[in-house]
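Below, chain A partners chain B and then partners chain C, in two separate complexes.
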Partner chain A sequence: MTVKPKPFRKQRFSLRQQDARTAWLLLFPSLLVMVGVTLWPVISTFILSFLNAPTGLNQTRTFVGLGNYLVMLRDQLFWETVGRTMYFTVVSVGLELILGLAIAQLIHSRPWGWKFLRISLIIPWAVPTIVNGAMWRWIYSADFGALNGLLMQLGLIKHYVPWLTLPNMAMNLVIAADIWHTMPFVALVLQAALATLPEDLEEAAAVDGANAWQRFWQIRMPLLRPAILVALIVRTVDAFRVFDIVYIITSGGPAYKTLTITYLTYLNSFAFGKQGIGAALSFLISAFTIVMALIYIRFLYRPEETQ
Partner chain B sequence: MRSLHKISLLLLALLFIIGTVGCAPQQASGPVTIHVLTMDQAGLKPAEIDEIAREFEAKNPDIKVNMEYLGYDFIHDKITTGMAANPPAYDAVMIDVIWPDEFIKAGYLLDVTDRVTPEMKSGMFPASWNGVTRNGKIYGMPWLMDVKYFMYNKDMLEKAGITDPPKTWEELVEQAQAIKDQGIAEFPIIWSWNQKEGVVCDYAVLLYGNGGSFVDASGKPAFNSEQGIQALEWMKQTLDDGLSNPSSVSADEPAVEADFLAGKSAFAVNWLFQYSDSNDASKSQIVGQAAFAPMPVFQAGIDAGVKGSSVDGSSSFAIMATTPYPDQTWKFLTYLASNEVQMKYSKEMLPVWQTDFEGDALKTLEAANPTNPVTVPAFLAQFPYANERPTVPYYNEASAALQLAIQEALTGVKSPKDALDEAAAKWIELAGK
Partner chain C sequence: MSLRKLFRKVLLFLLTLPVFFFIFFPLLWLLSASLSNQVDLFSVPIHWIPQHPTIQNYMDIFFPGQAASSVPRTFAVALLNSFKIASAVTVICLFIGSLAAYALVRIPFRFNHSMQLGIIATRMIPEISLVLPLFIIAARLQLINRPVVLILTYMSFALPYAIWLMTAYFQTVPIELEDAARLDGCSRLGILFRVVIPISVPGLVSTAMFVFLLAWDEFFYALIFTSTLAAKTVPVAIAEFVGRYAVNVNGMMAGGILAAIPPVLVALIFQRYIVSGMTAGAVKG
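Moving on, here comes the complex of A and B:
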């Protein structure tokens, strides 16, 4: 008995096409949700950024072209805020990377209790940012704070210091709280990457007489670069959009010395009822973050190394 | 294989349909639930308001009340975001005396003029109605009459050999210095000078107490006058001299209370709630030590004819314009403001009914709660001097500019004059838009 093969033409879709069709069908609901909750708000916010749109019901909205963008770009407060946000981003991400790498190395060297260390690392990361902010606000409290208590007991200060009222200190304290919260993320990403690195390369280098320092910089670091890139991009974009921790710890004070760009956006959109300005600011934030991501990719991404 | 695909697709579609149906608004059958937003700060505590809500539900089985509480500083923005939904997230919200202009302009508040009875209109304080009335229309129900009070710690003053609390801010400085010198308190005075509305309230007290005002007769900013600058310079000086607690610059009203109740401060400016809390042993280490005195004023203010100074911090409940349940909500607000409720819960919030402060009713009020014999006279002495903050739709942004200016001066970033001049320029810019 011979099996007559189905003529190829009769099949409307190839197997591959059929799979693709089913895949799209299955994806359709989630795509719909994504368009609804992500794409549409982005488009409507983009439109909003060209309008003078006061908050309220039945408010007249007028087209102002690039007006909202120009108002902000000419505003000194905006540039001060950008500078401050940059400072927050660079210092917090920089320190997170250094500390995160150090801790990842430590875990990787499997000291006594390394499993406990790895688990306890998750705790700050698992604490919601709002809770973390509230906790640090109490730690920094002038009259009841743990920081003052500790420094007093160590004899480092004679009087309680109102930390959050010091214009030059407040931002650094917010950064410290942020590092405590997010450094574990960097450490875990890098630790996971370290675990996948081939050991023979370093062993071979050791045999060839490379010292630990050389092995770290010449072998380990280049291999870690893709993981560092991921951690840097994720953390930088996140840090540049910092809001909740500032909102809880300082509310932008003292004298706007901790006012970040997302906080300025929030103030305009919700407190001052200027939705158009708020929308324009959101897009300016996006522009800044895209530029930063591109810079990282330009300097750190080497496709040949990731293959 | 293909049939399996089909079945899974069918299941998925089914799930989606069920999900969508689940999201559909339910038809009102049985009791109606109204959502009300108010503050967990000044006035009644959430537990007390919950109690009132349960009493109301027992009397009105067809209405359920869902209360939501937030710190004062979060309420304004919660209202604006809540109004983006339809029906709105809340059927009624507590509104501060500085918000009606903005919210009326935004179309958020329901005009309730026709619902207010003559009895309510004539029985409650005219000032409480003024707070919610614009162009002859009423947009809310009075709820809380509050002003900033001057409180001091009797024991601390006694220990320092001071017999009478200060009448002027100059006297306060002398007394605070004596208390500091004797080591009774490291920082004798605590204020709410953080970069929020609290600092504007405290500044209002000092500004008007120095014969100044926020705006002049033509509505132009006047706080950068000589009186306003002096008041701000005085604030900064008390910080520099270590008389005002440096943490004031980051303190809100609950933080002021925490400091005063911990026995760290001899003097505090705060809303009424601080007094009853000071006698609550579960929170306070100074039970029985707090006392009221009329808010001091500056000597220059007295010379200019100022007799007293405080700031109005009253609030009301407003019905949202888009609520599907205006009648039920109004019924609840009427209950909240009723004489019966306001009298019963007068420990932390004195009634909005003027009639309670007259004749025999006054005796009933004073007997209603153990703290009332102290708070009622304090209210009657301070309330007539309550000053209003500007009633303009852009108040929030104007206030933010003033908050920034005060903080810049207090933290030494700018001189008081420069800072206030910049804020005044911002006010003019906002008024021109």
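Moving on, here comes the complex of A and C:
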């Protein structure tokens, strides 16, 4: 820093002060909205999680400390729900990544119609979640569904099957519907990443005698890691809080077999009239979401990895 | 060698076929069902192409006055509600969000960095963690079923995302341009509206597209905050009817197609921006 004459410095200082005022003025409307619809509700939910709060405007609330959390942790249904949500998240995100990577590779190999394929992938992504859910619910329908129609014509089933009432099938069918909607996101992100990779590294490795398998795992995958990380974090965070598609396809049934953690929170808050428990559950969902993101970043993001 | 290349081309092409099937089969069936009548839809074995194709299901939604069932009437209202709410959210987010994004990008002040982190962090907070207090206060203020409650609550996810995306676009505006305008005596606001925003139009368009898609897609808040038919958005209307067998399923399917057309069209038109937007913020997973 060079020494500057005093008057100039004074003027710069006042300019900076004026700048700060302008900044706060520009930020004010957004901050007002975000405090109102995000910050205040988060704090309020956290406080609510320590209260016994039955639904209803004039119900009295009492402080129960960690009572809501303890009730929840002792509840068998809670743990089953956590397990199911994990299953949904792992299977759905896992298959999306594998299929997404495979399709990204396929587009990258420039087969006939690859441009059309890339544009087509945008369609399932853009279809609203609820329309997607409704569509698959009808496809799985026991009375007129396309799945029954197709399997019957192929001679694989003799009678129409009520797919969504089968306890062991329901969750997997919801996952298939979710994959249709969200896998294109993974494929498009990874395809964009593949397009930016340098070609010469792999060519050099090929000259050195590395086969396609080695080139893929030792050159392409490490370079793709940041893109995979982005897709993984975004999809895991979203999959763990899944609600819409379950609500529309199975409503949590049959016999809670597709009940996820957000759904359980929704039921406690708005159907069972236990807002305190609902608040405790939703706080756990937020905490878990943030922890998961941190774990992913810790284990998968290694920026300085050069040989 | 050339034969091997041809073989490879054919093989790769064959591999794209199952992908195309997976993408289009559900949609085409939905389209076909929306164009058939109730008798055709429920016939066994299944008719992939409607035997008696009809656009009655669509006509009922566009001219709900003559429609026999309540499904198309609800849909006509819900489509309009969704459109109004998503547009309002988009306009407000773009306006107040661009002011905030500009301040974060160009004005150094004490809490600038922590504010940016805070905005990214709000993206992680699920709707379910916000909805209870919002519901309690909305019920007290008698705002349930009013569009304003959805417009405001949608801000909780749309605004941080809009600010985040616009920050990225504003950063690409050359600072020399702004300095030049400043030397000519332009104020901060003048610079924003006369220099930065005109240059960032493509970025603003893609931000608007993402925000509109998010708002159009939203289901959870709409489910909680609306209970009357007049207030429902399209996703809630679909969810409402989908489980009831008494209602006309074909009408619903036509409604589903109509609900999917605006976002799909928008996404196809702006496809160039989509992937960059996805990697930048990736809200809509």
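Rule of thumb we're sticking to: the second predicted complex is superposed on the first by the 284 of 307 C-alpha atoms of A that agree within 3 Å, B and C clash if a C-alpha of one lies under 4 Å from a C-alpha of the other, contacts with A are read in each partner's own complex, and residues count from 1 in each chain.
Rule of thumb we're sticking to: contacts are C-beta pairs under 8 Å (C-beta built on N, C-alpha and C of every residue); 3 or more make two chains touch, one makes a residue touch a chain.
Please read all numbers here as calculations on a predicted model, not as lab measurements.
Asker: Based on the shared chain A superposition, would you classify chain B and chain C as clashing or fitting together?
Answerer: clash
Asker: Looking at chain A, does chain B or chain C touch a larger number of its residues?
Answerer: In the superposed model, C touches more residues of chain A.
Asker: Scan A:26 for contacts with chain B and chain C and give back first, second, both or neither.
Answerer: Both partners.
Asker: Examine A:165 and indicate which partner it touches, taking first as chain B and second as chain C; both and neither are also allowed.
Answerer: So A:165 only meets chain B here.
Asker: Taking the superposition on A as described, I'd like to know which of chain B and chain C A:283 touches: first, second, both or neither.
Answerer: The second partner, chain C, only.
Asker: A:62 contacts which: chain B (first), chain C (second), both, neither?
Answerer: After superposition on chain A, A:62 lies in contact with neither partner.
Asker: Could you look at A:251 and tell me whether it touches chain B, chain C, both or neither (first, second, both, neither)?
Answerer: Touch status of A:251: both partners.
Asker: Pick one for A:214: touches chain B only (first), chain C only (second), both, or neither.
Answerer: Neither: A:214 stays clear of chain B and chain C.
Asker: For A:127 in the superposed arrangement: first (chain B), second (chain C), both or neither?
Answerer: A:127 sits against chain C, while chain B stays out of touch.
Asker: Which of the two partners, first being chain B and second being chain C, lies in contact with A:243: first, second, both, or neither?
Answerer: second
Asker: Where does A:109 make contact in the superposed view: on chain B (first), on chain C (second), on both, or on neither?
Answerer: Once the two structures are laid over each other on A, A:109 reaches chain C alone.
Asker: Running through the overlay: 80-88, 206-214 or 314-322 are the candidate stretches of chain B; which one clashes with chain C?
Answerer: 80-88
Asker: Share the list of chain A residues that count as touching for chain B in one structure and for chain C in the other.
Answerer: 22, 26, 29, 57, 143-144, 160, 251, 270
Asker: Using the touch definition up top, name the residues of chain A that touch chain C in the complex.
Answerer: Going by the criterion above, the answer is residues 16, 19-20, 22-24, 26-27, 29-31, 33-34, 36-38, 40-42, 44-45, 48, 57, 103, 106, 109-114, 117, 119-131, 134-139, 143-144, 146, 148-150, 152-153, 160, 180, 182, 184-185, 188-189, 191-193, 227, 230-231, 234-235, 237-239, 241, 243-244, 247-248, 251, 262, 265-266, 269-270, 275, 278-279, 282-283, 285-286, 289-290, 293.
Asker: Under the touch definition given earlier, write down the residues of chain C that touch chain A in their complex.
Answerer: Within the complex, chain C contacts chain A at residues 9, 12-13, 15-16, 19-20, 22-27, 29-30, 33, 41-42, 44-46, 48, 96-97, 99-100, 102-104, 107-110, 112, 115, 119, 122, 124-135, 139-140, 152-153, 155-156, 159-160, 163, 188-189, 192, 213, 216-217, 219-220, 223-224, 234-235, 238-239, 242-243, 245, 249, 252-253, 256, 259-260, 263-264, 266-268, 271, 274-276, 278-279, 282, 284-285.
Asker: Where on chain B does chain A make contact in their complex?
Answerer: Counting only chain B, the residues touching chain A are 5, 8-9, 12, 16, 73, 76-77, 80-81, 83, 102, 105-108, 186, 194-196, 245-247, 249-250, 258-259, 262, 264, 321-322, 394, 396-397, 400, 404, 407-408, 410-413.
Asker: Using the touch rule from the top, collect the residues of chain A that touch chain B in their complex.
Answerer: 22, 25-26, 29, 54-59, 141-144, 159-160, 162, 164-167, 250-257, 267, 270-273
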